[in-house]
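What follows is a pair of complexes built around subunit A, which joins subunit B in one and subunit C in the other.
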Partner chain A sequence: MNKFQRESWITLLLVVPIWAICGQLPILLIYVEGPKFLHLFSFACATMLGGLSWLLILFFNSKQKRKAKIEFDERDKSILIRSTLAGYVVLWIYFIAVCIYVWLTAPPDRSISVNVMPIVIVEGIAVFIFIQSFTTLIQYGRGGGNSEQ
Partner chain B sequence: MNSNLSNQIRRLRFEHDQMTQQELADKAGVTRQTIIAIESGKYAPSLPLAFKLAHTFGVSIEDVFQYDNEQS
Partner chain C sequence: MIQTKIESWFYFFLGTACFLIPGAVAIFIAYDRGISFAPVLMFTGTVIWAGLFWLLPFTFGKLGKRKKKVTFDERDQLIQKKAVMVAYVVLWLYFVTASVTAWCLVGPQGSISVNIMPLTLLGGLVIFTFVQGLASTILYGRNDKGEKA
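This part shows the complex of A and B:
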């Protein structure tokens, strides 16, 4: 397992859940109970914690015993480009789906809560990193980055 | 999987003092995982990498990679 596979596993198993939970809980609290200082403060703290979960990757990488001479080559680059593209495409589909959902479920006065936007953005980031990591692992599993179509 | 692209990397490694995959990877400037993927036919390398592998073994590129037109 190389560095990028390991990073993808850590992202998939730890970073995405931490980010989704830390980012979502305070927003849902605000959504349910309305914006209070404590909720906004907890949102800021939780978002910071969620953001700092990326440090887990650095922590696990520092535990690696032997550093390989080459850790990134053309195949890794190809896999990274494809998985980022997949994440980007799914992110747009997600945004379009959310917009349609919000439009269809909006009340008769066509107004929606301001809390919807942060939830959509936080979830969008979680969706992006989940899809990117997932497609990275799929490609490594299948040999990955095949240049011949 | 490239069913019409085959390679002789495994044979060439053993003919070169049983060169390990890691040694070949270091000489070609790629990771060991990439050598494994190429050897098993799961990854088709770029032309520069194919040349680099051929130069590492001191043979021509056709001696390392073979393309079967009939399967395509």
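This part shows the complex of A and C:
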């Protein structure tokens, strides 16, 4: 099992459930205490970091590769890009499904709480990270015969 | 100008309108006459088709390769993947901004019309299509030194 497979397992088993629960914290704080700058800022930072964490992985691994510190070859890069795209495809379908569900089940006055939107986004990140890690594991598993121990 | 480059120009100018009009019409019908099967199907079809349209060249490119008619080579694939990823980054930032803006405008105790969610999704689609077309056009423009007319 190489470094990226280990990271994917940790993400799948720990990060996704923790994010799905703790990601709601800024939303709860804003609901209770009102839209303060700090809460809004923490929500924006957390969601941006969660949704675009793959960019950081790509950037830092490519940088360390240039310094010859780690093994991050073309195959790892290709796997990361493919799994990210798979994650985005499922995320898009998730957004459509939520939209249709809300549309169909809205109350008679046809309005929903404004907090539904951020909750959908936070749970969308959990879906995205789950699919990204899952497809990474599948891809390494399929072609991982020569992976490092 | 190669075929894929023409497609990216087409996508840049006409893609947005092609996907925006049927989606907006579906939301308007649902708003005006209430939820029924037809507008929901129209909206779902439009957003799935438009949001995952970028997957088509990969599928047909592979089919064309098998028939030895290569119109979508490795370079096109790389450009397409890069453009899609850039578009997804912008789309993600748009979703985070939309939910924070709704929070600030309405307040955490407030409610929004149920039509805001599909409209946000449609807006995301427009941004995604626009950015993808723009990124492909820029990437082809930057890399078209050795292409055949």
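Side notes on the structure shown:
By our rule, the second predicted complex is superposed on the first by the 96 of 149 C-alpha atoms of A that agree within 3 Å, B and C clash if a C-alpha of one lies under 4 Å from a C-alpha of the other, contacts with A are read in each partner's own complex, and residues count from 1 in each chain.
The criterion applied here is as follows: contacts are C-beta pairs under 8 Å (C-beta built on N, C-alpha and C of every residue); 3 or more make two chains touch, one makes a residue touch a chain.
Because the structure is a prediction, the values reported are computed rather than measured.
By the touch criterion stated above, A:L38 is placed in contact with neither subunit B nor subunit C. In the superposition on chain A, A:D73 contacts subunit B only, with no contact to subunit C.
In the superposition on chain A, no contact is made by A:L13 with either subunit B or subunit C.
Touch criterion met: A:N2 reaches subunit B, while subunit C stays clear of it. In the superposition on chain A, the chain among subunit B and subunit C reaching more residues of subunit A is C. Comparing the two interfaces of subunit A, the one with subunit B and the one with subunit C have no residue in common. Contacts from subunit A toward subunit C in the complex involve residues 30-31, 34-35, 40, 43-44, 47-48, 51-52, 55, 81, 84-85, 88-89, 92-93, 95-96, 98-100, 102-104, 106, 110-118, 120-121, 124. Per the touch definition, subunit A reaches subunit B in the complex via residues 2, 68-76, 140, 142-148.
Only residues 30, 35, 40, 43-44, 47-48, 51-52, 55, 81, 84-85, 88-89, 92-93, 95-96, 98-100, 102-104, 106-118, 120-121, 124 of subunit C touch subunit A when the two sit together in their complex. For subunit B in complex with subunit A, the touching residues are 1-2, 5, 25-26, 29-34, 37, 40, 42-46, 49.
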